[in-house]
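Labels run A, B, C and D following the written order; every chain starts at residue 1.
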């Protein structure tokens, strides 16, 4: 791998050309525009291409093997990859653990784990959620006890996205039962092949195994597999995800769904129906107005300004808009709404695929209900 | 309608619902339904046999023709129970065949030996049924049959009359596609199938009856899905409180309940009107209105049920998903909400012109 | 006044003809189909006609001067009066106080007050609400202290509908500060011309004085002006309103609004617009389905069955439907939506009048929010 | 757009908003607005005088023609403040006259001596403006002017050009009707008014500018109404808790906030596009989209504000009622949501045909 150019010094247009050229040139022979997540065995070629070119961790500093992109350039990269329909890789290492280790990890941890993420040797899973806890992430019951030089872990994690593909998982574990629930949590790193770790896949509504549960039964890991201080795992985990919080509200998902809606309506003969048109233009305005709102946040990122709790508005509106578009699809698809597979083998025409893929967007990453609670209190200053 | 007639239908409905327990477990267990998914046509012939033994194919055959001669109130009571249990068997399609064929319904169907389905719809997204016949041959397409790949006979509706043909009939091919609920949605392609055509003047009426009955199925589906969701809201805790205590979820739950009771009332009143001699315009508008609300109810409850179940709601292992996938599969049958509103709007124009 | 026939013995059709004939024959030369309440000086002729014919208190027993109608017949009467557009009289005496006295009043109270309601000599106002209490009716601060043979009342009531027309008011007053809030309330009768009573009109959004506030400043009334026992006023006031709870959810208000919507759309050229038609038929279905649901409750009344907390569904849906119809009116009225007075002098064409008259329906008589809380707990059995 | 231009408009906008304090009290008091209602045309000529002194009629007149030459970003900043204060004066109509007439704007308007209104709309419920001229006479109707009964001059838009006529012009009569906000909505009937017609190619552009500016007024109105409602939710108690702590109201409040911020973002972005050279299609679609959302926002906030204020919300004495009545009066001006959606749907068809 040769040294990367200074992408931030490029003009936006130049970097956009670079990114577009990169994906068009290097994207391997794997699916594009997939509505569901690809598994490691499918998506690995793309991960490895990105890895080989030094493009796998766009936001990491260059000295740690990243591209060092600023927010504006990172957005362009995402836009160009999405425009091409490039699959999303197993990115918990690049997106979550990496930045977290850079902030809270020891030098030894950084030296050991970061290169293995960059190379694709380690694929990480996230172990935050537990059964019965839902959006209440601090309700951690999985416990870890220090026994000499080892943590002994017992408990369960769930909703680990593509966890069955991972060889490592980071978890929140309770290390002090006696204090307030946020105060007794630690952040631990666990190899998936450790003795006592078992995995059970969870099929989603699309009948795909996108998630898994992970069980820990007297699992032992060395004492230094902790990130941050003991009992300080909550603040480690809550470390800002930076512009990820903005990008999750990007209008692309809805814009792409809108163009599929048009095709479904055309196929069903609804495109010329004035009643359908009226609803379509209303949704189109929603997408365009969301784009304008999204851009105000991107501008803030570009200017290096703070992103506040109000950014939740983007995710709430985007995810609900995506769902509303998918619901109109189901209506215009008529009897074909019930088909399990795409009509005419064309994924773009498959209303149910969009409908189902839109469901988790208002549940994961902070449910709409939780985010509205936060907005009401933190932004509207309404009382508890 | 006098009091005794009133009691008659209620007693009949009670007995039919009671008999449905043979097919729908009283405790709401869905193991059988779950198992039947994605296995051939997604239904169980043994259950169709039971249905025949219970006389369901005879539901809409007049007593004088050896049938049960029951009305829409009894039918809707049954369909609601079947909907609650997500029963995948094509009971309604069989009842339609009975209603259309009357005494000509094949003996094998009555005994449960054979499964007959009604093929009426000409194209997806419209309610036309007149196509399919040319001269004395069946030529054309009938679309959107559930489970045709495992049926034995088809009652094919055309403007030339009714034809009963076996699945093996020469010139008949079936194009099949899997549906979300684990069944199939099938089109019959007929390239000159020899057939006897029986005259039938009741097609519109039977389609209206079936639309209403299907609405009752969707009502039952939504009712049970709401029950399951309410149970979940009562039990499931977050931040140390049952999530059903959160006011925003409570208010959304009341909206589902109101829509449910509107649907129930509309179906009950429309079924009564059907049974007590409504005119053609009242029947058409009533069936459309019930179907419109029932379909929107089913999709509303599906959407909210997933959301209120949180992450559990998007797993296949939670039973609520079975209701969601069934609603997605069935809501647009017998005319989607869009079709129904369009039809009602067209009637409005026609009424004014008249 | 001659003895009335036994209306309950008539067939429904016969009674309907009787009621229709009555209103057509006897309705005086006062406004019909008014969206706002008429004041006593306008509506009195109609009250007096009803009084003279013995029709002013349809639900009271015949021996007390009422018509003794059962629920089914009462509904027919209401339907026929509404069909004709007959104005609603000041009916707090006939509808609220009368039944309440019949249940809880002393013989002396019945003998004194009931005839004066029947004759129109007394016009009553209701004094339940207080400023700052809203739907929390038990939050009574207006106090009454027994001073020898008299109650001394101090405090304030508000949202007294047409209170400025009344010569009597019944109020809930706090008579024991030391107990739980529902337990220390008494039900008192107060003449409006008592010394220390003052009235301030409240203009509503239609700029009409439909409500007033009533202030009590050392107002003295005899000790026997209490209904029920001391401190038992809460249960007196909570006495069931019977079928009033059903009728408030009747579809007539929405059905009438729908026909006005049609006329407004025709005038605006929207009637032939397929987009409008689509919304119109959806609303029409709402009205028809509400009618079917309403009838199930009327059937229960006819059969003498109990009406449960679930009846709140009727009022919630009816009031919100009425509002949704009014909102579509405002949209199709185009620039005329802002007119203060009816276009072409035709009240039927006045979108804003319906819009404004629809606002209080989700606020008064139990706000939609309160009723949804009740439904959630009492009917859906969701936890507190 | 480089950084310095960026600062330029922001500085201009800041100054204009600052100057508006002369008309809109900083503390949000509405005494003046309340008093002006239902008194003649419902606005105050002294305030129009102030507006002239502040140069507002010159806002859209190029600097070369002696105007301020400001753009939509500055205008929208001003209009938002005017909307927050429910300012009833016809400032926008005056600005439109300036934009259309440029150096021909009468001196008396610049000094504030005379009030000029722009008369453009041919019929209620449509955005046509071409009518009104026959030969060299004004013949026809211009509808829906706010406060024409107390204006001095009218800038009348026709396809034959622009005419400026005094209210007293022979052949001109005014049909007036009171509006809910305490002003008037007036139609001009012209039965042959002598006039000089000035050529004007900018009518569509000025109407788009005005539509966007009017959207900003509705945004300001909604923003302040939401603030007032949130204040009420924080303070008002029921069952011993502030009602703003009830989750169902909280969630509905967040929906208003989201719609508000969408409107704000759309208007800001569209104004920037207008100021930096958008093409005709972008301008038309942008103005329509902003107007659509702003009008629906204003009506959403009006509806929810009344409900959340409870009984207080339906009294005239509570200030929130002033916002509701203003929203009802103004939401459909410059094209109702229905009109805007229809226009956008038509453009969709045209784009496809092209």
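Heads up, the rule we're going with is that contacts are C-beta pairs under 8 Å (C-beta built on N, C-alpha and C of every residue); 3 or more make two chains touch, one makes a residue touch a chain.
Worth saying up front: this structure is predicted, and the values here are computed from it rather than measured.
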For chain B, which other chain has the most distant CA centre?
D
Cα centre of chain C to Cα centre of chain D, whole Å, reads 40
Using the average of all C-alpha atoms in each chain as its centre, how far is it in Å between chain A and chain C?
55
Could you give the separation in Å between the centres of chain B and chain C, each centre being the mean of its C-alpha atoms?
43
The positions of chain C in contact with two or more other chains are 274-275, 278, 369, 372
Going by residue number, chain B touches two or more other chains at 246-251, 341-342
Have a look at which chains touch which and call the overall pattern line, ring, star, complete or other.
complete
Which residues, counting only chain C, touch chain D once they are in their complex?
129, 132-136, 139, 158-159, 202-205, 207, 211, 268-270, 275-276, 323, 327, 330-341, 343, 352, 355-356, 359-360, 362-364, 367-369, 372
If we count contacts the way the header does, which residues on chain B are in touch with chain A in the complex?
121, 124-125, 143-144, 177-181, 185, 236-239, 243, 246, 248-249, 299, 303, 306-307, 310-311, 313-317, 321, 324-325, 328-333, 336-339, 341-342
Would you mind writing out the residues of chain C in touch with chain A in their complex?
273-275, 278
Going by the contact rule set out above, which residues of chain B touch chain C in the complex?
230, 233-234, 242, 244-245, 247, 249-251, 253-254, 257-258, 261-263, 265-266, 268-270, 289, 292-293, 341-342, 344-345, 348-349
Contact residues on chain B for chain D in the complex?
246-248, 250-251
